[in-house]
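Shared between the two complexes below is subunit A, which pairs with subunit B and subunit C, respectively.
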Partner chain A sequence: MTMTTAHAHTLDIINLNIALPRGQRLLRNVSLQLEPGEVRALVGESGAGKSMIGKAVLGILPHRIKRTEGEILLEGAHLNAMTPATRRSTVAKMSALIPQDPLTALNPVRKIGPQITDPLTRIHGWSHQRALARARELLDRVHIRAPDRVMHSYPHELSGGMRQRILIAAAFAPSPRLIVADEPTTALDVTVQKQILRLIRELQRETGTAVLFVTHDMGVVAKISQKVTVLFAGRVIEDAATRTVFENPAHPYTQALIAATPTPNVSAEPFQPVPAALITELHRETLAADALYAQRGRR
Partner chain B sequence: MLLKTVFVRLLTTAITLFGVAIVVFVLVRVAPGNPIAMMLPPGATEKDIAALNAVYGFDKSLAEQFIIWLGGVLHGDFGTSITLRQPVAELVLGRLPATLELSSIALLLAVALGGCVAVIGARKRGTGTEVGLDLTSGAVLSVPDFLWGLIFVLVFGVLWPVLSISGRVDPRIDIDFTTNFYIFEGLLRGRLDVVGSTLSHMLMPAMSLALPLAAMIAQLLKQNLKEALTQDYTTLARVRGFSETAVILREALRNAALPTLALVGVQFTFLIGGTVIVERLFAFEGLGNMAIDAVINRDLPLIQGIVLLFAALFTVINLLVDLSYTFLNPRLRHG
Partner chain C sequence: MADVSTNSPRLILTDTNFRLWLPLFWIGLIAAAALFAPLIAPQDPLAQDLMMERLPPFFMEGSEPGYWLGTDSLGRDVLSRIIYGARIALFVSLIAATTTGIFGSALGLIAGYYGGWADRVISRLVDIWMAFPPVLFAVLLVAVMGTGLGSVIAAIALIDWTRFARVIRAETMVQARMDYVDSARIGGARRAATLVSEILPNVMPSIIALLMLEMGIAVIVEAILSFVNLSISSDDPTWGSMIAEGRGAIHFAWWVLLFPLIALFMTVLSFSTLGEGLKQHFDPVLK
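Now for the complex of A and B:
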């Protein structure tokens, strides 16, 4: 069951549907793949379901929100076929999360060091020395100057940017195959955002970890990803190589998203919001898809 | 930083105790009932009473009496008990260990019991188990400590007499300890017979005192745990592969304990207040039991001594709670 084949995708989401208890769908027939070492951006407006995809993969869907259909495979292993405990340890060993808000993602009453090394020793079964050495190595890699002092600090003693670098170090520490980065820069100062983005990109290239990068910033998409999935109301609108999407977007919504992105070098172009007619059309499509889905379910 | 906090607290403690001393001093004297008249045979004349009053100094003005008493207190002399004819300080300190041990054991029971129920409730949140635990702790909370005492006396003393329901220790045991801390000194000396007998005598009064507090801890701690379990750092711990129980114990518990601790501090002083009646109920030879006798007999020096000691105890406990709060919360420790 946990068999992996050489040519398996790192992440394979097939026809995933996530719904509220009453059946209201939050993800609608979502499919996407990540190849080893690939960065895939997940874009879409607020509420489109970007975070929900990451949560479904990592097994942290909010209470009452359930998968109703579809498969998630990590390196060819069917997550949904596993017992909760097996699934938890499989996901933990293969993947990691870089959270959105570094201010709330570290435990305020625990020192930094154990927060990095605990998963390595307790979940990955490393020795304490090995975990400590790895933590130092990665803290150093994310440009933290005095790793040992920082590991003895509490989160409130460190800046937001520093905490996010620590969380990045912690995510890369166990050498995961997949990292989900859910808007890892939105909670930070603009000046810090660029550093953090560069750091994630560098570490990703060095380690060859596949990254599912959630963002609503097309500028970030262009910088970091090789592939893009565009979501609207929990539906995949477009899925293509990043270059293709920017040069020749297939869907008018994607075109509108790109047009709506302020680009410093093309400052002559005025800011263009997504046209209302297009939004209306997308909503109509969503409703039609839901009607079809309900009809198929009844049969 | 910490030293300054302690110093300020000790100073305010001293002022508080002084205020308590004045209030108690005045109250016990204006309250109805004349202790001296109660000590003389029924046919005593006004002259007899006045003479005995003068012996105890009750003929002087209130202010004069207070200054004399305070002067003694500053030298460690809290006066002499009218009914027991022994120094108040000796009597009170002789009984203090019993009450301290009883309330500490009760606190331990309450924290252990309430903590376990809270953790289980948080682990099973959203299920019938949580609802059941909530209902149970709500019911337990609505019964006050002395009623629990009566229930225990009825059940384990009368209907199914398996536990001793009176006294502090089996009187047949020979105890030649230097202090009255039977459990503490018994453990140090390896006298497990004394420890065992004391604990078995203590079980019911301690449970009576512990149950309402346990229920309160269970409810509040569970609420705080559930709150912590929605925080991002607990989500991250789940992603990192920790089981829900591990997340509760390793990540959420310390965060949830902080707001709970403030309540436990306040409630612990109430628990000690509860020893007065509960000790009486179980004929437990502690400070509370002595307090009731002192009040019945209008033993003014003894009442003063006991109340002052209780007040001192409460302020010390509040200080300890504040210090442990600072210790548990890294943001306060450095900031």
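Now for the complex of A and C:
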């Protein structure tokens, strides 16, 4: 059964392992928590497995990729103990996604309106009227000037920035407990990036929704999050408060990441790439961890 | 800056319009001929008159009024036979293409979306199926099942479902990887519902284009089967049987061969052009 304890984490990932069919691990013993109303940044290089964590939580892992070990709890409820149908409706009720690419995240042949209201009527059982009113309210909140006209438009009639704002409105519309924002600004140009970031932060504060914010930009981390998880090759190598990470990073990789981030106030400092020796060392650790894991599995 | 980009004003004679209206006009003409054949046809298509055999078309010397496209070697009116032939041609192509399209597209959608063993079974079946030479396959099928409208339609569906299955499978796989599918799933949509309400509308333009192409192909297959005398009972006028009969008389009555051939060619061409035109018309991104 799905028991909910009084003071549960919004999201609790415990020792999660995700693997390809042959056993090649993409996530290695990942644990992370989100408290209600908290923004946690998830950083790491491309291919580190950031998106995989979000997909595992939201139940949209690609066909061949499976959870091999570990637990995911939403508000204290074990997702893995549920039947697929219960799990789908639980995830749909409690969480939402702000995707990376606003070009492909909206169905090109369907109008905007139903794409926002569908989950509201389907999962939350709202009337069509109520869902429409809520969509209008949120579109207005993300500064879409003519909500009704936009809801009757097709995605290709709108700019990338508008589409991303629509996706933000859609994510916040059902008042979810958790939002996974997977690099929501990467596909946009710099000026639009700032607006989008500000919008997410404002809405997050107003609603108190917990946000797992995936990014590889340490500058964004500093602006938006209270906690940081640093991922390397599917492993968590640092998990701390954002302030701590910037003032006193524990892991050399995190130190290197911060050094590699050009900051306006320390612009005199030369740009430092992550040292190759460090990367090699980290890969060696990963291989050792995998060997140990495989050995334990055989026993 | 405006919130919604305005559509550029549409020109009256764009390429798409041309591709849409010209074939639609011809197909409309053929469809009207098929529907109202008894009212339109100037003569009884089966009436033989040995006094009237091999009359030339209206623009040649020796033609008879009322026999606009001439008569064949049994004195039957060519125009009336083409008009009645449109009935079988359109009926067969409509039923055969729809059957083929529904069956093939459904398998393509399932294979492309669910992947795994469903995909392996369907894809293997398609490969094996396509190893048979199609016309031989059709002739064999009709020979086994017996002649008749039902056999012709079944033969077309059994041969050509693979075209739909292959194309729609590939398109479905592309669509299934799009983020909007994930978004719908996170929004609580069931897998089957996602396939029907999110992916199907995106592959619909391709299904329609293939459907039109298939209608053209069905017209040809029916003509081929008539040509080798394996289609409908040989009394009913079909374009294929007219072409077969006309072939023997080409040196002294070329019109018996040429006019049904033109009707066939125009119809097939119209269907495939219309398919392309409709695909663009229905695709909001290409439009």
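Heads up, the rule we're going with is that the second predicted complex is superposed on the first by the 299 of 299 C-alpha atoms of A that agree within 3 Å, B and C clash if a C-alpha of one lies under 4 Å from a C-alpha of the other, contacts with A are read in each partner's own complex, and residues count from 1 in each chain.
Definition applied: contacts are C-beta pairs under 8 Å (C-beta built on N, C-alpha and C of every residue); 3 or more make two chains touch, one makes a residue touch a chain.
Keep in mind the model is a prediction, meaning the values are calculated, not measured.
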Putting subunit B and subunit C on the same copy of subunit A, do they fit or clash?
clash
Please indicate which partner A:L158 is in contact with in the superposed arrangement: first for subunit B, second for subunit C, both, or neither.
second
In the superposed arrangement, does A:N15 touch subunit B (first), subunit C (second), both or neither?
neither
Between subunit B and subunit C, whom does A:A96 touch in the aligned arrangement: first, second, both, or neither?
both
Given the touch rule stated above, what does A:T280 touch, subunit B (first), subunit C (second), both, or neither?
neither
Could you let me know whether more residues of subunit A are touched by subunit B or by subunit C?
C
Would you sort A:V150 into first (subunit B), second (subunit C), both or neither based on which partner it touches?
second
I'd like to know which partner A:N80 touches here: subunit B for first, subunit C for second, both or neither.
neither
So in the superposed three-chain picture, is A:N248 touching just subunit B, just subunit C, both, or none of them (first/second/both/neither)?
neither
Clashing with subunit C: of 25-33, 43-51, 169-177 or 187-195, the subunit B stretch 25-33
If you lay the two complexes on top of each other, which residues of subunit A touch subunit B in one and subunit C in the other?
58-60, 63, 88-89, 91-93, 95-97, 99, 101, 104-110, 118-119, 122-123, 154, 156-157
The residues of subunit A that touch subunit C in their complex are 55, 58-60, 63, 88-89, 91-93, 95-97, 99-101, 104-110, 115, 118-119, 122-123, 144-146, 149-150, 153-154, 156-159, 162
Within their complex, state which residues of subunit C touch subunit A.
3-5, 7, 115-116, 178-180, 182-190, 198, 201-202, 204, 283-285
Within the complex, which stretch of subunit B touches subunit A?
126, 231-233, 235-243, 250-251, 254-255, 258, 328-331, 334-335
Please name which positions on subunit A make contact with subunit B in the complex.
58-60, 63, 85, 88-89, 91-93, 95-97, 99, 101, 104-110, 118-119, 122-123, 154, 156-157, 167
